[in-house]
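The same chain A turns up in both complexes below, where it pairs with chain B and then with chain C.
Take a look at the complex of A and B:
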């Protein structure tokens, strides 16, 4: 990847206090985010993707949660950073959008003013200038008739339009990193396709990096440059997007791809993954996928496998003692 | 394994219309939403019919109306050769044994204070499915059928995961030995690995018990995999129907094409191809005149803005409601002029 990473996560572990004991919800999360890159974190419910994202913004702390490891934003350590410092980074340098846009919008304030407020707070510009910029961003995310809708309230917009407003608000401060946690999951597919296309354009034009969280490999294929597949609190495989879909190596990634019924071709047999994701209190000491894995051996139960290239290219790492062989590439 | 061939209609809706009154805003006249606007569809014996469309298109209303959980304003409903549009409650109760429904969130339809045993035993009792002394054995058999351990019987709904709860919901609907199950987004809230398990279960039941399904879903991939035919709805109307492979590989209606192109596929090359997806579904309170889809349709002409397109036979078991559809030359070769 060209350039120093804007974000570098190393050995991140988030623990929660459950019934008096500290339990690790995520373990040993390592990844870098390059400038202008979109990294997808994909996995099923409870895999730790949202927790990982929240810890990047320094949102986890207090009595019930413990964050260990390192999260460096352009060289500055976020883990343990005082709240006053974090506030300078949140929104302005690293912005976040969520699945449900209403949680981020004030229901009794016109949307245009909300965007303008975010701009004047973070950039300290005049009201008039903030308004001009807010309108510019509303147009940029393709809200039709933006000047007329500047004074409309959130409830007057559809779900897709609300998500566009939240994106405009996040973009307005021109952050270097956008954290997007399932931003299209609640939307219909035709709206989802439009929002994904817009996020791709915005990232390219504003030279912004993005961490995109989703449970859908179909959405990953549409948005990501690189993909980290998570299972039970760990990254099990990380690779450039084309590589991951063409030649997945971890048994979980492979199983996940075979469990998706596809609209673009006939699926003769869908391969369900037997069993279910272990609960946080049931995490074993070895590979957490081993109980459901067709290739698991005794060694897998003992020690957690490290995320490593294992004979493949350096950018494609897999946490498995028996990964699929590296596929010979044609030409 | 492919299910046995369908033989004749089992559940049919003819020209169903259903409107709901929208909440009145101050001073404004009462507005009505046409949730179903002249909808006709047939589920054959042993057939799985998909019903797809975006939020608010009327697909759930169609499912509930066909089961008479909602009363249609107009049109008729036939089940197994009998007109049940006006069947009296006593008769409907008998029919409910044969017509069941499962929902997206089984938790909402399970009593949190009843154990799984109590929930299933109650249905067996109410419908007089078997003599009382056989109830424990029946419950055990049902749990086994849906892949839950015998120990599940004594536990409460909250103790189960989403996938397991869906199994309980399926067990409850199977307790009365139905002929047809309406599955309303039954796998939509589940993670893919669990979704595949539940689809596998539903497919096994279809084979073993000769069940028919009306499978309501917004996920075209799931519908293509699980259903034989599918019906596409937009703003209360059916726009197209046909066998799933033809429907999704070569859609005839521009809306089906848009829906298909917007559906995510796990393939980075395909997923990034430029898609022609524009606009949003308009308010169902004020649907556009003529073809409801015309404001978003790249091909719309004057007639589309004025006249409602009739449903036309496109051959090969396909129907399409589009003014621009023209048959060309040989049968099976159709295109837009």
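Take a look at the complex of A and C:
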């Protein structure tokens, strides 16, 4: 990838106070985000995807949550940054889209004003100017009759339209990074495809990087350049998207891919992963997948395996002591 | 909006009729004889019987009822058995003073209660929250007459800032405001205790909503998130509660009016009750009902202003 990363996350650990003890919900998260790149974070519910995103915006913290490690946005450290500095980055440099368009908008504020608010907060322009700009973005995300709908309230829009408003709001200040936290999960499949296509176009046109959270591997294939697979608060494998689908090396990634039904192949029984994701209080000191892993050895239980190339190409890293061998690719 | 208001008023006609009937029955059920009250213990049975005929109390109850309804339809609530004044005139003479007190205490309650409640919610589980919660508990448990008398002792008797007894008749606006201050504060602070509670819990709920996170993610400064996003939503249930409380407030004015010796509906109705002044009692109860119906209507309309999702067409 060309250029320095716009975002560099290193050793990120988010801890919550549960019953008097600090428990790490995520551990040792490492990834870089290159300019114009889309990185997908994939994993089951509760694996720490959303928490990772929220910590990038500095939205965690306060009582009951603790963020350790380093998140650098173009060289500036976000962890421990004062709130007043964070406010200048949020929305302006790094913006976020949320999963639930039904609840992500303020029900008593006209949608246009909610978009314009982000603009006037960061660019300090006049009300009229902010409105013009907001209208421009409403048209850009294809909201029909935008000028007439500027003063409408969220309840007057459908779910897909609301998500477009949320996207317009995130785009309004042309941020460099967009954090998309399952933006299409709450939408039906046709709308999902439209929104994905639009996000892809917007990212390309506005030269934005994107961290895209999802639990759907189909969505990953449609939008991402690279994928990071998360399990129980850790990244277990990170690779370019084609590579990951073609030659997954971590046993969890392999199991995930085997659990997807395929329409282009003959029906085979889908394989589920035996066991359950451990609860946060039950995390062992070793590999968190070990209790469910067919290839686990005693060494796996002792120390957490590092995310490393392990014989493969440098861009494909896996956190496993017994990864699948690198497959020779005919190309 | 106008159509909605008119419809709402039409719907309240059955309510009003039910109240009229209830009021009629209640006043007949209360023990005691108005003729006896007027003439005294020493009156001869003949005099009492004569007065019964004069007041229409000798006729069958159903006839009295129909007579009562017919008169009400003409806006005639009869005359006071005690003073002979028309009930409508009597009520009209004290209504402004009660309305004045109600509105003033509503303003005091809202202005004090809403910010305190919001402040407590923002600083949940810390010092401000504990203070507001303790204060509101005190306010909720303190009867109006105790609090009113305390205020009287401190500010009127000790410090002499406000008059002990409300002046009657025509006085300057400033004088009137001075007389209104303590009664309004009495009712207002007690109401603030209630409003602060409702605001606090409403605010706590709103602060956990997704759109608050959205606003923060946009980079909106925290103070602005509170004012523009949280408070504007948190106020919606408060409007409803305040509207319902308006009825309680009108009722509570009875005690306050007694303590501060203010003329008002409350004092009038208590007087009418002790003197078995049936017509006055009936008239005032109907008036109270009307006031509460109007208060509810205003609440509905206000709710539409604050909450666009139920905005009326």
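Keep in mind that, in the parts below, the second predicted complex is superposed on the first by the 325 of 331 C-alpha atoms of A that agree within 3 Å, B and C clash if a C-alpha of one lies under 4 Å from a C-alpha of the other, contacts with A are read in each partner's own complex, and residues count from 1 in each chain.
Heads up, the rule we're going with is that a contact is a pair of C-beta atoms (placed from the backbone, for glycine too) under 8 Å apart; a residue touches a chain by one contact, two chains touch by 3 or more.
Predicted, not measured: the structure shown is a model, and the values here were computed from it.
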Which partner does A:109 reach: the first (chain B), the second (chain C), both, or neither?
second
Looking at the overlay, what does A:285 touch: chain B (first), chain C (second), both, or neither?
neither
Where does A:126 make contact in the superposed view: on chain B (first), on chain C (second), on both, or on neither?
neither
Going by the touch definition up top, name the partner, chain B or chain C, that contacts more of chain A.
B
So in the superposed three-chain picture, is A:87 touching just chain B, just chain C, both, or none of them (first/second/both/neither)?
second
Chain C-contacting residues of chain A that also contact chain B:
none
Write out the stretch or stretches of chain A touching chain B in their complex.
44-45, 158, 160-161, 188-194, 197, 215-222, 241-242, 245, 255-257, 259-264, 266-267, 270-274, 276-277
Applying the document's contact rule, which stretches of chain A touch chain C when the two form their complex?
57, 59, 83-84, 87-92, 95-96, 98, 100, 103-109, 117-118, 121-122, 153, 155, 166, 169
What residues on chain C touch chain A, complex-wise?
209-211, 213-222, 224, 228-229, 232-233, 236, 306-309
For the complex, which residues does chain B have touching chain A?
54-55, 161-163, 191-197, 199-200, 218-226, 245, 248, 258-272, 275, 277-278, 280-281
